[in-house]
Each structure stands twice: as C-alpha cells, then as structure tokens.
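Multiple structures follow.
Two complexes, one shared chain (chain A), two partners (chain B, chain C).
And now, the complex of A and B:
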C-alpha cells in the first residue's frame, strides 16, 4: 500500500512539474496548441488552453493528496486521451512557434516517443487506480 | 465536502489568473510591430525600442514581457520584431537609421531621432536572472 502511494505521489509530481511550467508560460502553451491546428477560433483556444492547465493542476492535487481514486482516474483519462489524440493527429510534424518547453504534452517535433510516454502515463494511472481499488 | 469546495475554489482562482495572464500576453504579442509598421506609423517617435529576432519572441516571451512592462513605465516603448529568415529592405533601413549593431537590444530614440543603445543583450552574462537584467537596464536608463 505504501509503495502504491509512493508511485501515486511520484506520478503527481510528474504532472505537477508539467502544470507548473504551463502556468508559468501560458502564452507559449497557447501558441503551441495553436500550431497543433485543433481549434481555429482564438476564443475557443483561449478557453481550451486555460481548461487544460487547470485540469492538470487538479489532477496533480488529487494524485498527491489522499482522495477518491475515481476522481483522479477520470481526470487522468480525459487529459491523457486528449493529449494522445492531439499528438497522434500531429505525428511527425515540426512546429516553428514552439518554445520546446512542454516536452511531455506539446513537443516541438511530435514523435512516437512522445505518444508512448503519454500512453505510459495513462497506463500508470490505470494501474494505480486498480491497485488502490484492490488493496 | 470542505476539501472539494477548497479545490473548486483553487481551480476557479487558477482559471481566472491564467485567463487574465493569457489575455494580457495576447494583447502584448499583438503590439509587436515589424520595421515596416514602425516606419509607417511612428514618425517622430520618441521613446524606447526593443529590437529582437522574430523567431526568438516566443521562447523568450516572459523576458521581453518583463522588460517591456518595466520600460513602458518610464517612457513609450515599442517592440520591433525582425524576420531575418527573409530578405527585407525595411530590416536594413531600421538597423541603419537607428545605428543598431546588435540584436536583441534596447535603444532610446530622442526628439531629433538620434538613437542611443541602452543595452545589448548579447553582452550580458548568461548567468544573470531576469531581475538582475532589469536592475542593469534600470542603471543604464538612469544614465541616459
């Protein structure tokens, strides 16, 4: 049980670091998402980038603090599935308006490695949820 | 229940903060002009100009934002982005007119159109943080 909690907190720290960089550099994150061509309208993109940053902050809070596992599972699945989908749509593309500061979710060059890391994080969330439910 | 409310409050505050910061940043990014726009709309301009390479704007955005906010408190300030990937006469004209030898740099333009280099970012030591660079700019600005 202690080991599961340590893994849960470690995963929380990964998301905490990522969300901290995004909170510090929201404009760069906005420009990175703009390059990914998911939303054309700037207002929607503004709301989406804010929503994604806040969602990630909430996810790391729920992972680090003791909480109901279903909350971090649903948050983690929605966030990771969105990023995997977004990266998959832009696989192999190279972006010039990217500051290269969001290597986890919005890299400057999208490769299979980036998608694999995101899939790994998604699976980790599933495993931690499964372990918490079982023990 | 209390924890849920607290987290909801944090999420709301965070959303508002990010939305406001993002809105301010977007309007700042819109105020960046090209040399052509500078020549068209700023005849007899008096104030500071921050000249940098266009492709470096996004990676160094937070730095330029701090410098711009600091300088615009003292005097009007314009940010000019040079696109060096394409050949443009306006780029050359701007560098020649204001005697700009280094990019990125800050220049002060007086009433007569004479330019004084406030700081050349290439000459700054790499280990200085934003606050130390702002302090250095402040010292140089006071000398002018």
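And now, the complex of A and C:
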C-alpha cells in the first residue's frame, strides 16, 4: 500500500512539473496548441488551453493528496487520451512557434518517443487506480 | 460482469497461446525479426526473441486459468502497450517489416493490423484492472457441461478468431494498397 502511494505521488510530481511550466507560460502553451491545428477558432482554443492547465493541476492535487481514485482516473484518462490523440495527429511535424518547454504534452518536434511516454503515463494511471481499489 | 470479463480475457489468452506456440515452432526466425521491429541492440534483441515466446506462453496460460488475476493482467497490459507502441512506431516510420507474430504459418507484418489487434487486446484486458471483480471465473470454474458452458466456449473462440481475422484482413488490405 505504501509502495502504491509512493508511485501515485511520483506520478503526481511528474504532472505537477508539467503543469507548473504551463502555468508559468500560459501564452506559449496557447501558441503551441495553436500550431497543432486542432482548433481553428482562437477564442475556443484560449478557453481550451486554460482549461487544460487547470485540469492538469487538479490531476496533480488528486494524485498527490488522498482522494477518491475514480476522480484521478477519469481526469487522467481524459487528459492523456486528448494529448495522445493530439500528438498522433501531428506526428513527425516540426513547429517553429513552439518554445520547446512542454516536452511532455506539446513538444516542438512530435516523435514516437513523446507518444510512448504519454501512453506509459496513461497505463500507470490505470495500474495505480487498479491497485488502489483493491488494497 | 464476471462472464464478460471471462470471455474477453480468455479470448485474449487463447490468441496469445496461439501466437506464442507458432512463434516457438519457428523460434529462430521470430528471434531474428525482433531486432528489425524494436529499437534494441542486436544481441539483446535476439536473446529477447528467444525468451519472449516462452514468457508469452506462460502469461497466456495464466490469463486463461485466471491465476493471480490482477498481477497477470497488469503484466499483460504492459506487454500489450509495448505492442501498441512498436506498431505505432512502424506506421510512423513506414517500415512494415515482417514480424513473425504468428510464426511462419500466418505471415504478418508490423503496422495497422497489429495496432488494431493490440488495441482490441488492450481493451479486452483493461476492464479487469478497472473493475474489482469479486468472482473471478475461469473456464474451469463450471462443473456441468451444459448449454451455458458451450455458449461460453463458442463466444470465447469466436472472439479469438475475430482478433486473428482482423489482423489478417488489415495486413492483406495494406499489402494490396502498397
């Protein structure tokens, strides 16, 4: 049980680091998402980028602090699936406006490695949830 | 939920048993192909190629018998996600190398077919991790050879066949396109 909690907190720290960078540079994150050509309307993208940062921070809080596992599972699945989908759409592309500071979710050059890391994070969330509801 | 979990997990287990047995039959070729489809150094890849079919067989048998269900499922999920990553990488790099996933008997290539099959395998096993199933059933939990049991075996076999057919048909479609 202690080991599961340590893994949960470690995963939370990974997301915390990522969300902390996004909180520090919200405009760069917006520009990075704009390059990904997912949303054409800039107003909608502005709301989405803010929403994504807030969701990631919430995910960190729920991972680090003791909480209902279903909350971090649903948050984690929705966030990670969105990022994996976004990365798949832009695979192999090189972005010039990207500040190269969001290596986890919005890298400057999208490679198979970035997608693999995001898939690994998604699987980790599933496994930690599974362990928590059993022990 | 226990029956649905039994059908999908056992179906996936049967597929892994078939795949691993066919790999063991043509062990030398499948071991060599690991180097082409992974990012590992040659010696490690070949060693892994020799060990992996046996590991896959043990895992598949555990999946069918539902022994130590949670840990077996976690291992299966990790291995299947590696399949997903390798197949996605093959699609990205347009390197549809022969993978000997079903040995020499059924020629298969890396790519969309493998990706779709791996995603279905992943979705078959995922509910076992997300739901805490109190009554883990296996094909050997039933005492009588009744209608329910026959239906269960038929549906499980059909799921295995569907997974194989998906792979074969997508591979053939891709070969025709190229």
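Assume the second predicted complex is superposed on the first by the 135 of 135 C-alpha atoms of A that agree within 3 Å, B and C clash if a C-alpha of one lies under 4 Å from a C-alpha of the other, contacts with A are read in each partner's own complex, and residues count from 1 in each chain.
By our rule, a contact is a pair of C-beta atoms (placed from the backbone, for glycine too) under 8 Å apart; a residue touches a chain by one contact, two chains touch by 3 or more.
Here the structure is a predicted model, which means the values were calculated and not measured.
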Partners on chain A (chain B, chain C) - clash or fit: fit
Chain C, chain A and chain B - angle at the middle CA centre, rounded to the nearest 10 degrees: 150
Touched partner set for A:25, first chain B, second chain C, both or neither: first
First (chain B), second (chain C), both or neither touched by A:17: neither
Partner chain(s) touched by A:92 [first = chain B, second = chain C, both, neither]: second
Dominant toucher of chain A (residue count), chain B or chain C: B
Minimum distance between Cα atoms of chain B and chain C in the superposition (Å): 23
Shared chain A surface residues [contacts with chain B and with chain C]: none
In the complex with chain B, residue positions of chain A that touch it: 23-28, 30-31, 42, 46, 49-51, 53-54, 57-58, 61-62, 65, 67, 96-101
Chain C-touching residues of chain A, taken from the complex the two chains share: 73, 88, 91-92, 112, 115-116, 119-120, 123, 126-127, 129-130, 133-134
Interface residues, chain C side, partner chain A - complex: 70, 73-74, 77-78, 81, 84-85, 88-89, 92-93, 126, 129-130, 132
Sites on chain B touched by chain A in the complex: 3, 7, 10-11, 14-15, 18-19, 21-23, 25-26, 29, 55, 58-59, 61-62
